[in-house]
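All chains are identified by letter, namely A, B, C, D and E, in their written order; residue positions are counted from 1 within each chain.
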């Protein structure tokens, strides 16, 4: 085990854009921290906000929801619902006291392997600054 | 009979806190709760804390056991024993309520070890009431603002401090820890502490013991139930409600079996895996709750399962409470 | 608990170099339900796949997790292998430990830790997988083509020639669409009728094409392979079956009217066909022009008809057609002229749109092909063409380029010069867009050979002076104000979706853009498909197109239909949404999130609940996220599965 | 008896007698004059007992959900009840032809607990006069400020009258605007303070579901918060966060701001602070003027092509 | 000892009775199997999933391990059906009362079972067969949805019919394949057989709807309330009368039941 603490990021990735973008980061051999644990979903519009809370509850230090850029959704409109939904959820989480850095929503296309790596790097750096999350997290 | 000056009360709790977790009435956002005490101001002037003594001896969720391993190799451990605790500031009605459910847990062919262990690790220091709320009706249930039932120590608040009486061996032992903080009470102190007990509602409640034959199919239950919202406010606040559910939670290869309060007013309370539900209608559930307290429990234990604390009266969003039902039943019977 | 096998692939050194594959296998052995774990150099190879198959047999595995490359690489491979071993292919999950682990991390410990987490998540997920069957949809191998213009006809002919029956629905009384109104076509200057008429004739006599002219599609239900279209036939007030097409009625009809087909120029009749070669060659009574319908008197046509075909009582009839695919080729119209007040359209008869100019050029047009201006029939000596009338003009709500105007305006200038050799054509333009084979050369010819004078700039105003029209504008190249005296002004008005498109889009439940053009499934890769499987697009229904593009796209759509029809049954992905009816409250707030209109209603004893039309659902899961109580469940990505993944990844 | 009350009784009587409705839901006599109870009149005699006074508190819309009530059902509707009925209609849980709405304009309901505290005795009757409340106890009538006597939920009410009704008892008042000062107040604190605030609130939660059961927008046939995969039965702070997050999110865009959840909460958790946050953000981000009034499309069931990305600005404030 | 903490036990064998019924043969890992009597139940745990109250289908006096015959209906029973020999589960009990076999000496016994309701009756029948001489004539009436849903086929077809003076009468709701026997619902079948109430005790167990109609049929045949014995099933959580759940009036099914005579049942509210 590493001696230094590494944050744990649960990343919901739409399979058409972000997941493919993350694959591209792999084929391009871009290096980024092993902090992100991706969950492949068909569309960012599939991600229930309660999934995000569950991740924090079970010990995620950060959560990322990422999908196609608006207008590029494989299903045309899925990410437009995502945008509305998470515009609210992001603010609500912060309202409950969560630090803004812990939850991010990003549009990452299948061509943006670099962007994926960059988002993970940024988030990891932010979370290292903040330290482990204990808010809304179960104690036992 | 001992006496403790009001100013010395925090010292007493602090002393007891060396060996036990101490709970005391603390104001949180304007209402008084029996809370883990860490030196906060001890609230006064309340009639009854929001949470009854039940919540601390029979917590809303507690572990029954822990398990670990896979399907072919599992080890099971009983939950670790509870730490000793002292609860100061509960009211006599709640203490009586706790004793009432203690009979359920400790009598009969099976003793509920979880309850027994926690009850035995708990010392209950009740404070007699100096005031009654309009919702209080302990007298109607055969109790009083200074009932001794269920308490280990009873405190009578007076102008300068509390008259303190140990009622059980556990109570005496705990007072021994307080040596130096307690004085022998003078007759005057005793007299003054006892003279101001209030008189809660009693006279106009008809405490009837309804049996199924008498009232099971009475349209009253339908009438009552229409109003009910099927929430658990009444049962969760009630000091004598004790329904629970058992459920497992797992994290990886470890897990715990928990026991948590449940509520007979929820529609799925009796829903079985195959879809059978013995009380699918709200009417049946509402009726069962009141008949349980007024008829079924007395059939098994010889006493009604209500102590008149008034929490359901104060908190039911649509006034569907025991005091009302007792009033109604009088009228229903006469009708 | 299911019996899960975990297979950790080395991928040569691709994974094994960074991830301790043996460690991952060892860690997975202690996961709930895992009864077998092994590693191998290349599980995707044949020996590797055989190892998986053997383990499925020997260890009686009923769930398989393969920790390997991205599911986009080999998920299909491994699913097939599992299926070959008798395991339902949907009980296989891939943990992506190459692209998203070994290739992007260098710290072996961290990469291994992440790989274990990913495997743990997939073991948790696969445990909650259900065996699924790719279900089959029978395909009704008949197609509905909507629109009898050049695109629709081409699609219909291609499909019919391949041996499948076609129902071709045309809103107008005759085939041909916009192309029938054209005189010559760029860049070859073929006569439009000369190349169109053989097509219409071919359509008319093709044994596999059922032509429903003067008809509209009102409703469409069902899904790919099994659509039902309700088609209404508008009353022509002439029994087409009796009619022999002699056109005596048209000849004798006393009511002369302006004709829509001739862009409001004469001569039309209240009964008749649009043009002599019309197919079908059957007349229609235009109720709004007919004296009998207006006054109750006349009936000349009925009296003259030798076969007694006129029927003033004819009513609209509807019929249902079962088809397996639909091609939408509804074409375009030009924007309503009332938008061009500044050009004096509608106010000055000699300001016309380019379709009218086509009619003036046409030998079957109101002037028999001689260019005469509408006001006095004089041959115009100077003609101003104004391009982008409406197009590329956000103020007019048409920010897009109508694409065909540059080319046909050049053609107009050319045709004009050919007919009026001493005439001068002026063309106000913004840019010349002449991309296309021999298009640029065509425009150059107009300039060089036919003396068309191109003026770059916008026209501000057109007003009359001394019996002529003054066109006032700015030449943006010179910065000078210009005024041109013209005998005729021709507006290259913006192309807009045909009037029936919005209603049709609604009936088809296919999306349109903000201008009403139909949306393609993907602007680049799926340009002839819609998001609804089985509904295809051709021609200007999607966006303005010229003839060759429309024809090419029509053939493309036909090819898609033929591909669909090459099978008797379609395999549909079973990873679609389903409804737990006992949880569904019937609020239907899932519905607006479905881009495919796949959510339908079903009546239970005590309430309506949602049900998913699996033929329409594409498995995006938007509905599942919109459902508050989890009644809507997306197979393969259920709440339980995604929560199990979250739980596992957070361990 | 007020004029409105007698009009209500005769109207209900008429509706019941003519068979237009089978049940009329309103308020009737309770155990104390200051606590009238939801009342289900099924015959003219029941209608004669209907009450309409400033103590009529709980909202009634949700009773339309009850199975087995013979329909059609008449219901007394103040602004909050009216929005609740609209909510149930929009969610298709009640059908319009089974409801007969009798509209009444409400200027706020008197909280009997507050009134008891203010008057120092059990209130027997109350009257609303502008910004004052006249409370009558055994010892006489005294005047108190409105804010100290009305239910909290009534103090921020923007809808005194339902938006429509089948019959009216009086003239409807136009709706007002709902503002969210408390949300802004909490937003001004830093993240840790906000977390501490909600921790204090949610650690009191009993998960009695009083909030859910009171809410006209929380009416799922089977609630996800009862499904163990979403939420186990353990009462813990993290589970309570999950509960309240989910509850608030599930009514986001659907909450009618009746405040009944907060009113019902025995632990006095300020639940409207959660609902209001969503409402305020929906208003600010998506330009929905009255985010608490049911509309044809719920704000989260639609989008605009140029919706803002509400997470960009950062922070809890827009 | 906390009565809510189960003994860890191992599934020794699994017998597939019908497509959705399996019999689990279970032995505790440490210590002995508790003593139990016919009709009693036990709480069976699948750790991580939960507990379910199951009736014990083995007969204690025959020795041997505990047996539970379980129909797949919910989470716990579903998890059990996925278990394999060697898997560990939890068992606690025995709970509830038992069939009052002492009262039946000299009586004819009429067993009426439906579906998985034969599980507790199987324990009882085998118990009574082992002291065959104490009772009069045995009649076993058993019905299932279809022939393949008949549980304990070995006993039904072989052991019991061969025993002395035992009539086994089978019926199915719907026949299939080679079924030559009766096709009728249990109450109708019972009425058609028309057993005499004379000196007979009827013991019935099955799904609630079957019990309801069987009780009516027995009454029609002239059985008195005291001659009819049945078992009830209600949702249970603790099994020890503390969780407040399985009450019918003042009785708790887990402690006072599951076995009730019809006379006792009539005293209770009709909420089961």
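Keep this in mind: a contact is a pair of C-beta atoms (placed from the backbone, for glycine too) under 8 Å apart; a residue touches a chain by one contact, two chains touch by 3 or more.
Quick caveat: nothing in here was measured; it's all calculated off a predicted structure.
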Topological distance between chain B and chain E, in contact steps: 1
Steps in the shortest chain-to-chain touch route ending at chain E and beginning at chain A: 2
Per Cα centroids, the chain farthest from chain A: E
Chain located farthest away, centre of chain C as origin (C-alpha): B
Result of counting contacting C-beta pairs for C-D and C-E, higher pair: C-D
Inter-chain centre distance, chain A versus chain B - centres from mean C-alpha coordinates, in Å: 46
Chain D-chain E separation of Cα centroids, rounded to whole Å: 50
For chain B paired with chain D, centre-to-centre distance based on mean C-alpha positions, whole Å: 31
Separation of chain B from chain C, taking each centre as the mean of its C-alpha atoms, in whole Å: 69
Multi-chain contact residues (two or more partners), chain B: 71, 245, 247, 251, 262
Numbers and ranges of chain A residues touching at least 2 other chains: 54, 58, 77, 81, 85
Sequence positions of chain D contacting 2 or more other chains: 224, 230, 236, 300-302
Chain A partner contacts - residues on chain C that touch it in the complex: 70-72, 96, 98-101, 103-107, 109-111, 113-114, 117-118, 121, 511, 519, 531, 575, 593, 595, 618-622, 624-626, 634, 637, 639, 642-643, 645-647, 649-651
Residues on chain A engaged by chain C in the complex (per definition of touch): 1-2, 6, 8, 10, 20, 22-23, 25-27, 29-34, 37-43, 45-48, 51, 54-55, 58-60, 74-78, 81, 85, 117
In the complex with chain E, residue positions of chain C that touch it: 1-2, 32
Residue ranges of chain C in contact with chain D within the complex: 582-589, 591-593, 606-608, 626, 628-631, 639-640, 643
Partner chain D, residues of chain A touching it in the complex: 49-50, 53-54, 57, 70-71, 77, 80-81, 83-92, 94-100, 103-105, 135-139
